[in-house]
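Just so it is clear, A, B, C and D label the chains in written order, and each chain counts residues from 1 on its own.
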């Protein structure tokens, strides 16, 4: 177990019939920051499916800065998300925060997301190396390119190379945007690891108006997909409302790009 | 569970007869980055005890950037560390990386360290709220003051206020030092949370020659203790040798400060 | 003199017949980091003109970190640059470092560049407000969006609104790239100031292979132009050779983009 | 002019009878951010002299982020500052922003301050190499240790080694403090350059309550002095009031430290 596995040789990740990476067309992942109710996620799923979205996202275990903030609907939310994915006939992705919930998330989700806060959680990464579900590995909020590569290598070293990388902005001195979206990692990480790289302009900027231009930029430099927060009613969202697009706004973005 | 618990009221943490924080004299934690062998940790423990060190540190589960680097002696190392602490008659501290090893670490260690990479691991923090051992919570490598406060609050909110905070440097543009030691958080965090705050100048600078001046600075602005890497033979250390003091160098620092 | 002038109303900057900003097609600025000899700049100018470049760049006063590094050919270099621009029939841009050389630079250059190191040089900015030549104002290496806006406002407040902004990467913890190219400022600065915004992917990444993908990304999110370092023989360049494209590489990039 | 001059050999800077650096006791520089009126600076100077301050500071040319903010009393203010220094019988320091005002500042000031925004202004630094007044060179807001060393080297290379370095905090992701005070540069810069290094905890933290603990920390790690903002009435200050101490607060700090 001493030879680096991710060395730049192209890896295409399959989710059902969907192919991510390589020369495949970019994939579109969308959905609310949090699953808030059965109605909310069902409505969103059906609307997004109609627009052409490939994968439905929705958080059910939420890593919140304050222990007193909404922590997600947890397993109940996961069931709603699954039901929504089933009705809309699209695969679902959700974040896993710990090993405790691995089995249930494995049972329901098609892709397991590891969030920025857990990119350095090597125990969890090793565990994910032992399963064969695709993993979406977000960059840590101040992770260097090498640290991110090595985090992916932890998963690969233990046996799972079905990894999708996701740039979501880094922490810098700038306060105008929520994070500084670092698009240079798209060509860098694709070249260094061979893995597909997608971009999350919602967290990457934190500003609704910037999502469209940064989505175009991401695809222009080679991103294999986009993950964007969409909420049927951002003003009432329990988290990240200010950076969520309405379904209508997302539709416009989707059509302009495609 | 909605009212902030850590509001600045002074909290003194007890480890056996040792009191940390408040008006108590600063505590000295020292030992190698990694427990490497029974001999190494025994030799170090006895020498440090003789110098006057209060708590022995030693890593047995190591969060390493690369999966191919030395990952620690794990449970075997923990037993060596415990034996060394027993022989030297000083309490021990070691890092816990995941819930899987919580029971065994609880059994052996006197203080449980949560490293920078796990400061945002809210699932683990919640679990630590349910035990009553003291927790040493390192600042995340780019954690803001508020995020660090809230990480401690996760532990407190679930019932455990025996928390020691540890500044270990933050990530900035500067490359001369390994990290930028941010001493302003000593008065800030003491005031905001009431918890004891100690400083780790070894990781905070990454440069052996800077450990003494920065230790003095840390105490001058109110730090409740220092955690310093000491190795009987830094040149042969399996990790962090370049920033470790020899026992002789540590003795000189200890005497100059006390 | 108390009302903000740059408020988002679109400003198109003219350089001879060239229009920059608004709905005009993107402009291409290229040339060596430093003017090194008459032959070098003439050869480059003629080759770039043939490819379709709009403006020739070349540094003659060089702000170097070390006082012992090559400081540029100064006025002699400026004359070579002018001659090259004349022969190739394209306007020229060069950096001004101080007021002392303002008159001579004004006489020769078509656009005056203010580099990152002088973005906060408010005395110089005020002086540039009193002339009517176009100014290319690079973002400071750790300038916030607001500071950059206000630096442009210094020029505008004293009477000159012929300003082109240039993103060239910011300083972050990342060391893989020379700087972190922050493309989100393209839509932000265009919207906040109304000024044209161009991108310099050469300094923004410091890596030859990243220039093409980041150029495409810059244009995709609305950049009004690109400034790229090109050298007939990068291996022998006196400065920034590793991030310079050969003329052949630039031609390929230019054709692929246009 | 090709051999590095500042190589770590100790340099003591003289200002009248005052010696700065080496084994000399720390010097105390204090005064308002801006000279606002004859009365304000006279009152401050006399009060500070009585406390024991060695050097009076006061800004008359102010580098403000916005062109519409108070830009200083300029030459009128310089005359007030000089008069105050004369009456209190202490030397004065003020910031120079450009060559235009060099002669008048040279005539009045005992030390010339180069602010953070001009640390990379190499033209100005070269000019200061040709005079023999002491220069206080602040670190740029995101200047690396090497860049700061080389900025000092610019002055030294042109003939003036009467340089005092001043750490004033760097720009990081943290927003709780105005800047992150990087005290590790005190031993680093003293060792690398041999020059005296002082610390400005007022800009370094931006928070009145942190000035005392960080002053103590600065001296504990070897700083050769402190520069602190003091205003007779911070609430009415035209700039930086929130980080200024009252004369009474400064007196308390001065006595506690001495």
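Some observations on this one:
Methods note: a contact is a pair of C-beta atoms (placed from the backbone, for glycine too) under 8 Å apart; a residue touches a chain by one contact, two chains touch by 3 or more.
The chain lineup, named per UniProt: A, B, C, D = 3-deoxy-7-phosphoheptulonate synthase.
Quick caveat, the model's predicted, so the values are computed rather than measured.
By the document's definition of touch, common neighbours of chain B and chain D comprise A, C.
By residue number, more than half of the contact pairs of A-B reappear in one of the listed pairs B-D, B-C or C-D, namely C-D. Ranking all chains by how far their C-alpha centres lie from the centre of chain C, first place goes to B. Rounded to whole angstrom, the centroid-to-centroid distance between chain A and chain D, based on C-alpha atoms, equals 48 Å. Spacing of chain A relative to chain C, judged by their CA centroids, is 36 angstrom.
Centre-to-centre spacing of chain C and chain D amounts to 33 Å, using the average Cα coordinate of each chain. In chain A, the residues that reach two or more other chains under the touch definition are 142, 146, 171-173, 175.
For chain B in complex with chain A, the residues that touch the partner chain are 1-2, 4, 63-68, 97-100, 116-118, 120-124, 126, 141-142, 146-147, 150, 153-154, 157-158, 171.
Put simply, chain C touches chain B in their complex at residues 142, 171-173, 175. Only residues 142, 144-146, 170, 172-177, 180-184, 186-188, 191, 204-205, 209-210, 213-214, 216-222 of chain A touch chain C when the two sit together in their complex.
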